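Below are structures written as structure tokens.
The following pair of complexes shares a single chain, chain A, combined with chain B in the former and chain C in the latter.
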Partner chain A sequence: MPSWPVLISQAFNGLALGTLLALVSSGLTIILGTLGVLNFAHGALFAVGAYAAFVLLQYTSSFVLAIVVGCGFMLVLGFLLERIIIRYFYDRPHEDQILVTYGVGIVLVECVRAAFGGNAQRVPVPSWGQGATQMGFLIYPTYRLQLIAIIAGLLLSLYLVLYRTSMGLVVRAGIENPGMVGILGINVRRAFLLVFAIGVVAVGLAGMLYAPVVAVTPDMGANFMAQSFVVIVLGGLGSFPGAVIGGLIAGEIISLTSAFNSSYSEVMLYALMAVLLIMRPQGLFGSEDRA
Partner chain B sequence: MQFDRRQLLLGGVGTAAGLMLPGSAFAQSPATIGTFPEGVTADSVFVGLTIPLTGVFSGDGGDLKLGYELAIAQINAGGDIAQKWGLKGKGVLGRQIKYKVSDTEGKPNLDVQSATQFIQRDKAIMVSGSVSSASAIALEELGSREKVLYMVGIAGSNDITGKNCQRYGFRSQQNAYMAAKAMAPVVAKALGKNVKSAFLVPDYTYGHTVYDSFAKFSAEQGWKQVAKEVVPLGTTDYSSALLNIANSGADVFVNIAFGGDAVASTKQAEQFGVLKRMKLVVPNLSSFQDKELGAELMQGVYGSCDFWWGLQDTYPLAKTFVESFVAQNKYYPRWGAHIGYMQTYLWAMSVERAGTFNPVDVIKAMESSKAQPYETTIGKVYFRAEDHQMVRPIPILRGKKPSEMKNKEDFYEIVDIADGESVMNAPDFFGCKLGPYT
Partner chain C sequence: MMRPRSGGLRGWLPELAVLCTLIVAPIVFPHLGFSTDLLTRVLNWGLIGLGFDILFGLTGLLSFGQAAFFGVGGFVSAYLLVSHTIDSVWLALAIGTVAAGLFGLLVGWFAVRRVGIYFTMITLAFGQMAYFIENSPLSDYTGGENGIPGVPVPVLGFGANAIRISAGMPMYILFAVIFFLGYVLARRIVGSPVGAILLAIKENTGRVAMLGHNVPAYKLTAFVIAALYAGLAGGLLGSFQSYMPPDAFSLETSGQLVVQTIVGGAGTLIGPLVGAAVWLWLRDNLQLIPGFAILWKLVLGIAFIILVIGLRRGICGEIAHWWHERRNLAAARAAEAKTEAIEAHNIDVATKPVVPLKEVRLTLAEPMTGDSDIALEARSLARHYGGLKAVDGVSFKVRRGSIHAVIGPNGAGKSTLFKMLLDEVSPSSGEVLLFGEKVTGVGVSRAAQLGIAKSNQLNQLFPNLSVRKNLRIAALARRRGPMRFDLLRSAGSIPDVEEQIASILGLLNLVERADTPAHILAYGEKRRLEIGMALATSPNVLLLDEPLAGMSPAERIATCAFIRDIGRSRTVVIVEHDLDAIFELAERITVLYEGRLLADGTADEIRRNPAVQDAYLGGLHAHEPA
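Let's look at the complex of A and B:
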């Protein structure tokens, strides 16, 4: 049995890990929950975000500025993807959507590889986040502590934009009945475009914020995509609050299992997902029809 | 099938030599086996290279490819460098080496698919490549089934010349056992005998064999293990494992994660303050780990690898290799390039020693290399007849401080070159049983 300090340390780490997982999953759940498109280019867009941070940090010494410009870049990329490809697939079956987004993902990853090569790139921790902070018996990286607060703010603002503004309402109505929304004189296509782009910005932002922590390689997104799926399945497919709670639960399971034996941490995560899928197929916050 | 006069002559000479030397192993080689003699034309032979150019191993794969290409170009040109390796004339036995590279993404099934195509369509006389041990094992088995020689690329698992060893496969890189046995005394001398160690172990064959070997040999030096964190391959966030390591009170952090995993886990270890409190030991360094993490993080790290370009001060052939590689590719080669380069030359030398491309004779030439070691980029080496593992020196490196670096790729100093003979496992220790020749 691990000691109390170890358990408390791991519980805290689970919270930090959970917020990161929630942010990584948010882009996936936004696009799925509002547009009904399962975006398999999610992992690739995560990598594109991390590389955007890498490139922009060469030109600016400010991490914040790099992130802001990077978000602008992801927004444009989101617009282009939606206009050129995704908009033709809203009415197509899920299989087609999965195939086309999967293809987009491969093209993006190979573009990154062609431009930067296969080796990991270095993205330093911003100057204000360097070092580790001693909190009682627990020592924790300062940047990760700051990320908890930054991500909480980001997730809240994303939620407000998507679920507490008229734009969010238009999008959700447009998914249920695009014809009716059109008759009401609302340009539903433009709302779709914006939501897709916001989803792309969210995943790109996750890539940018995570870049100083992980190995920035063209294939870095693949593992995050798998984890994102676990998180949104736990929380309920397409539910934004579900992704946040799902992320926190996943983080706690991984971390607390590690207090006992780290080799079982992922096994426990998938075991919980399996149990949940049997007991409650729509996930914690999912509704029957959307699942 | 057509023979040209040259082949007939060669065959005649071979047969005559065989007749003159009763009891010589060469006399029993079948006239037709695998892609021989079909794959040997009057002026060329074909070599198939299966290399991951995309996917997680693409960095190492790119380096490996450049090594093969440099060796092939030098052998085909037949200049001074090829002569220094003991080769005669242009090409191998007068044949130019033609080759194709197939991108296998690091997936064993694609390795097997491409190698099969090379053998059936192009009549490849030899196949080489691979960056992962899983690929190497699959290709070794294919080579033995098809009776086509396979020269192992980058692959460190004990199994390749252990329980999965094959008659048609030869490995030049040291196995995990050799690396650990060579490193443990050097590291114990530098970091102390009675230290506490914490291990980060990736959860697959490679990780476990390296852990077993290093834990065994470091324990013999008096090291005490206080933490062992097993993590899945491709883990992105090591925070929970690192938190345990940070709280373990260890003096040394032994990080077995490889490639991108090594980069991510080391970066995160630094952020958790682990590298400030513990010395880092990496039993097998990844090719571009130095560049990817930077000297700030890699300073003081102890590790081993197949080849470091600083060996050019010790071995003349290493100097010609490093110089010609830098001239061609504008960066210092890593061990990927070295393995590709050396394996190509070793094969060419063995063919010329055997006097034929017949794989059975070439295998026997390699198996008898203990009596006549090869002079190479890492000095005198030979393949062990019992398991086809090369007996070779092992460089032990220590990361330089940024201020000690003479150029931007001068990441390591060579603290020791362990003698190969002294670190070998017994040939049957990992259960090697080589298959038949024919």
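Let's look at the complex of A and C:
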């Protein structure tokens, strides 16, 4: 049995990882829920975000400015992907959507590799996030604490956009019944474009914010994508609250398990998914008929 | 595309072509930049691909977790050999393959319950789980990130005469022989009844279940077959490289298999092999061009996107499609012309059944309980959707051998009631008995096996299969039971089934159209096929949901005659809006109104019933202005 300080510090790690997974997964889940497309390029977009931070920080010393410009870049990338490729796939079988987004993922990752090589790059921690914070009996890296707060804020604003704006209403209605939304005279296609771009920005932001904490490589997104698949299976396909709660659960499971035996940390996550698939196949927040 | 063998030498043409290519390849391909080692590697990918194509190309299940089975087969074989638990490479390969199959059974058990996106995500997640299990908890056995070095090569023969299958040409020959055997076996599976049903699952999963096949069991079969092929390939990889690498388990491996299959052509069996040749050739040869070293995969990725957008059939698929089109162009044109003629004149070329039903061996089902004359009984069936009572406590009995109609105005609950009769929709309360046996709660597939078949209001055909194959899927259902592993016999080789199909084709007047794909048929023909498929399962009770919907007057008359014929040897329950037809056909009529039973009686009783007149005519009896 590990000591309490170890457990608590792992719980914080779990929170940091969990909020990150929540952000990645909510991008995935709103695209899936609204457009019905499972975005297999999501992992690649995470890496693109991290590299965007890496590049932009070479031109500016302001982390915030880099993030803002990076978001603009991700937004444009999202628009372009939707206009050039994704929109032609709304009426095609799910398998085709998966395949084409997987192909987009390969191309994005290989572009990054061609531009920056396969070696790991380092992104500096912003000046305001340096050092560690003394929290009673626990010393914890400041940037990770800030990361939790920032991502919590982002998730909250995403929540507000989805649940408190008219566009959000269209998106949520689109999840329930895209055909009906179209019949009501709302431009569904434009809403789809926006949703896809927002999803891309969400995962790109996750990549940018996480870049200072990890080694930035072209393939860094693959495992995050696999984990975010588990998260949305846990939370229920297309459910935003499901993605957030599922992300937090996943983060805590990975971190707390590694306090006991690190070799089982990832395995535990998938084991939990298997159990949930037996007990509640539609996920925590999913409805029966969407599964 | 996948077609069953047509007998004789011609049927073996693909096998012969593959055999010749395998023999010629090591002589010709080195000039094109393929080394013998590269060819061996291509064959290894091709071997996993055979199984994957049965799962994806044939059954339509896109798995992103095949690396798990590749890895399990590889590491189990490698561990057994390197730890000297087993010294025979052949035995180790066999055990590794079986281990992969068992793991496939476990993962498949979770995955096949889910469709589409869910299936893909679950397979990917389990693939990742296998990777992490290999990497950490089992690293004492698997070497973790280092893999297992020193895997021995197989040996042929015993003692002094034994031949070590060393790297280079001997290894190529071993892989070529195994691939060829695997290919022949895969072709047999595709041509078997199981293969036919798997293809039908891709076309229309719901209908396959409704006909009585156990869909999850068939999907699981395809999944395990894919896992077995992957496991064998994994075991061979270790021997070939004398090293078992951990990245066999990686997501990258699964993805590479998917890309190769799409590039080469899904549903062609050799597509994955061709895709692998393209992938590995690009990798090895583009790297030689200065400046292209890291771009080869980018090139491949762009090509892949273009293929998915435009040429969805892949290399082999496009070739097969072109070949098939060219050979069958005349037949296809003729079939389309006939459809146009039928639709333009709004009549069927010959509306009367050519073969009278007497010739069809359809015997009246024996009741399960000795004295019962009741085929089907609904006992206070109810279905509530929230506050809406779609059906509210309806009871009625259907006499054996009768034609029984259920009528009622729109929204009376007829369709919901019908769906409950074969457990397509489970009732909120009440139950359905078929010859005294409870149908409620058994599921639509089991209900079909018990002997209830339904033709749907909206056609549920297998659009790309020929009429004959549509009927075959139906006829196989009760003949073979919910599940059978007849992987090696040909789908068209069961005499009873073929006889049944021939009778029903005659009955439907679709003999000339037997080899026409269902989607080309004219509307009336499709309607007849829809009914014919239900009939082909040899049901004891046949449910017809609006069989006359959308038909022209001439077609209606023909179809009514047809239903009357069926009614001589079958219990028929029919929902229909055409009351004239119903009063002529039905011996007994049940009237629903707003979810409740309004009346039940003979046609004459119902016709005279004032409550029924009220319900239908909306109070016109009171001489209200319309």
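Here, the second predicted complex is superposed on the first by the 277 of 291 C-alpha atoms of A that agree within 3 Å, B and C clash if a C-alpha of one lies under 4 Å from a C-alpha of the other, contacts with A are read in each partner's own complex, and residues count from 1 in each chain.
Rule of thumb we're sticking to: a residue touches a chain if its C-beta (ideal position, glycine included) is under 8 Å from a C-beta of that chain, and two chains touch if they have at least 3 such contacts.
Keep in mind it's a predicted model, so treat the numbers as computed, not measured.
Participant: Looking at the overlay, what does A:S263 touch: chain B (first), chain C (second), both, or neither?
Facilitator: It touches chain B and chain C both.
Participant: If we overlay the two complexes on their shared chain A, which of chain B and chain C does A:A120 touch? Say first, second, both or neither.
Facilitator: first
Participant: Go through the superposed model and pick first if A:V100 touches only chain B, second if only chain C, both, or neither.
Facilitator: Touch partner of A:V100: chain C, not chain B.
Participant: First (chain B), second (chain C), both or neither: which does A:V233 touch?
Facilitator: second
Participant: After superposition on the shared chain, which partner residues are touched by A:L32: those of chain B (first), chain C (second), both, or neither?
Facilitator: In the superposed model, A:L32 contacts chain C only, not chain B.
Participant: Quick one: is A:N223 in contact with chain B, with chain C, with both, or with neither? Answer first, second, both or neither.
Facilitator: After superposition on chain A, A:N223 lies in contact with both partners, chain B and chain C.
Participant: Looking at the overlay, what does A:C111 touch: chain B (first), chain C (second), both, or neither?
Facilitator: Second partner only.
Participant: Which partner does A:A132 reach: the first (chain B), the second (chain C), both, or neither?
Facilitator: Only chain B; A:A132 stays clear of chain C.
Participant: Which chain A residues contact chain B in one complex and chain C in the other?
Facilitator: Touching chain B in the first complex and chain C in the second, residues 110, 113, 117-118, 222-223, 262-263, 266 of chain A appear in both lists.
Participant: Please output the residues of chain C touching chain A within their complex, sorted ascending.
Facilitator: For chain C paired with chain A, touching residues are 60, 62, 110, 113-114, 116-118, 120-122, 124-126, 128-129, 132-133, 136-137, 139, 251-252, 255, 258-259, 262, 294-295, 297-298, 300-302, 304-305, 308-309, 312.
Participant: Could you pull out which chain A residues touch chain C in their complex?
Facilitator: Where chain A meets chain C, its residues are 32, 38, 85, 88, 94-96, 98-100, 102-104, 106-107, 110-111, 113-114, 117-118, 222-223, 226, 229-230, 232-233, 237, 262-264, 266-267, 270-271, 273-274, 277-278, 281, 291.
Participant: Quick check: in the complex, which residue numbers of chain B touch chain A?
Facilitator: Going through chain B, the ones touching chain A are 54-59, 61-62, 203, 229-232, 234-237, 239-241, 243-244, 246-247, 260-261, 263-264, 267-268, 271-273, 288, 291-294.
Participant: Residue numbers of chain A touching chain B in their complex, please.
Facilitator: Chain A residues touching chain B: 5-6, 9-10, 13-14, 16-17, 20, 110, 113, 117-122, 125, 131-132, 139-141, 143-144, 212-215, 217-220, 222-224, 227, 254-255, 257-259, 261-263, 265-266.
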